[in-house]
């Protein structure tokens, strides 16, 4: 299934007080959607305001990026929150971003869980359902972004939400469509050609070649662009150039 | 100026995780508006959800109660936030409560700053303006509650917001309409008769008798009921009984 | 193996800022050792000072009670900290209590992990080793308290630490010497006679009768007294009376 | 009063979790003492461990750098803590660093308050006394570092502590020996020559030339080197070269 367009999303607004993280100013011109940290794993009210303003300036779609309440661990450590606690945490964080965005007349179009919460919702039915329900209860017009083919996508569909399948151009996949864990060899593609190749494969052919060689069907509604590496801008520019050569457009999330 | 009705407001949702504070269940049936802590000085996402649900069950108006980011100090310690930081903190907290309330189809009607932030906005033009602007930018239909006759009221009016003058039945006033500081003798009325007397004076006569004897004109749109004392329920019931005898109704905020 | 004495320990200092938790004043006269929260899952610097002072007044042994950095979850939610992160968190928390205790010339005699960290160290070799190493590196004279027969005891012994096997009088045991999970029926003994009976059984006979009837050998160096229930004082007084009738003394930890 | 040696101190360990701040690795070889953040305004247990290890590797003296509990504000916002609360916060933070340092057999030699707490203790008798008392109560052998000629120095002397007068080479002084506020023109020397000139003046001549021209007597026990600017390393190397030409040695704090 060749796509005619794809979204490029990036996590942003991950600074906190005096602590700067990421290259938001450099990357914002090159993406179509951003997921803004909401103060639990990163971000603070002032950073959120500035990040929404930056997205507005570049006409980039704004989404909420709720995470576990673990600033020191950047939301990357699993936490034993119950489904109800996850529901409450997502509602709170999405609401906070809605407040910030409203002061700038910017619509919030989507929600994507962060880090360990994202990963938990890939495999855990109950957490995935809690997130989907939280999103729907705050605003049923929000698009739910999640790992292609995972529980969170199913949960979103069951709530009647618009969902967006997310894929990763710089991460190796297993035959079961999971990512190869970062702890394993070959988990992250460091070569720009490899990243572009996988991006094109996913967008134009509808599959990804797993690390073990299998062709794994994939839906590439949105391509995640990492914002923390030095090569981040080079990677996203190379991807956009390659997509353009293939006459594939970039278009933001939330147009469903 | 005899009023035909008054609002009775109470700060609620001040528990945090396993830490219980206040007597929300006992007091909710007796008040008309509540100010719900938003996670910075007290409250957490789950406590917020439960408090909104409790208010909904008793048909009590829900407002946001933003404070300084100081859980250990319960928002009662002054913090040197800039006006921009205060603006951002208020937007974030009000937005978070809006998210929680929306999941229960409960409207948020008002905003009242908490503790040291409330006090700072009594006297500081720039902080008062920052709060008023934050409230307006999130939702211009929100009512801004503040100390009767203080800078926050002026700031709210300048932004075109509905404002509500708040008065205290259990606190002694100075001739300049400020409260007698808690550190001074006679600052808090401990006798229920004294509390009721001052409540009636303010609501039916439009003034309060200062600790030094002067009659100080006052606008009693809303009467603050403290929720943390043991006598809290007795006090509010006595006030309601006295108001009823005088044929003065109770009616929630945000009807402007 | 009949013991001639046993320690009675209780978690204390779990208040935080304005948030009060537990009945420290009521229980302190009845126990021989306390485990003081160190600010991560509960407690704050001022609460720690007051709790150390209270223990000193009653000549009760003071220990550190480090937990996960999760105030909202009271350290009861599992968190994915690496062994190194656990090591660092324990060192920091024990050090903080050492500082507080030193200002009052009170020795710190022991360390007991809290909540989800305690439970994790029951079964996880690497976390248990990290905790034991942290304790030893801060002060090798500290006694390490842990679930009787668990990994943390083994880890402490391997580091050459004095260890204390902890048992629970009010919790049902499984045949494998684990506690019956709280979520299951019969997990917690609510009857004071049942609690006293199990306490005596463990201390005088050296075993506990599992919920399935087996006699499970147990070492009862220290008996945990819960401080949060309403019956807490009644329970500990009843246990002390029963021990006294059996001519079994109470004696604090850390005398090794 | 020409000095024969001076200490060069730098604030370090100000990263937090994934958030990196400062250039500790680059600066450590060039200073003689470091003040390590203790988790309240910056730093976390793991960052503290790594910073102590780095200091140990370069044989640099380690001190505690306690601040207000305000991570988002980096401890630079005034907070209304009472003297007792400040006492407790300092005890806790110094104790935590003592714990971390002890695991590496590194002595802690000094304490210097951070940011808004440092500034508050320059002018506020009671806060200065609380800090001095906290330091003494934790360990009377600790050296107390503070703004030359300020209340904290007096308070330290009254407690019988070793004190170190701190001066700033890159900040303009007023005639009253206070710093020119950062908000004013000329507050910070940007030219390396100017910084070196002021450093030499203070160390070799015992005075600083105020922004208004007066010669202000000053005691330069320790020179603060800022670690966050890009030029930080250049500045400290230039200062060391200039001191060396004048045959003035560098020597750490805490040798009293």
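First chain written, first letter: the chains are A, B, C and D, and each begins at residue 1.
We take it that a contact is a pair of C-beta atoms (placed from the backbone, for glycine too) under 8 Å apart; a residue touches a chain by one contact, two chains touch by 3 or more.
Just so you know, these numbers come straight off a predicted model, no measurement behind them.
*Asks:* Between chain B and chain D, two copies of one chain sequence, what rotation angle (nearest 5 degrees) aligns their Cα atoms?
*Replies:* 180
*Asks:* Taking shared residue numbers divided by all residue numbers at the interface, is the value for chain A and chain C over half (same) or under half (different)?
*Replies:* Homomeric contact, same residues on both sides for the most part.
*Asks:* Using the average of all C-alpha atoms in each chain as its centre, how far is it in Å between chain A and chain D?
*Replies:* Centre separation, chain A to chain D: 42 Å.
*Asks:* Can you give the whole-Å distance between the Cα centres of chain A and chain B?
*Replies:* Inter-chain centre distance comes to 40 Å.
*Asks:* Would you please write down the residue numbers of chain B that are in contact with two or more other chains?
*Replies:* 44, 72-73, 85
*Asks:* So in the complex, the part of chain D that touches chain C is made up of which residues?
*Replies:* 39, 44-46, 48-49, 84-85, 88-89, 91-100, 102-103, 134, 137-139
*Asks:* Where on chain D does chain A make contact in their complex?
*Replies:* Going by the criterion above, the answer is residues 15-21, 42, 44, 71-74, 76.
*Asks:* Tell me, which parts of chain D touch chain B in their complex?
*Replies:* Touching chain B from chain D are residues 69-70, 72-73, 77-81, 85, 116.
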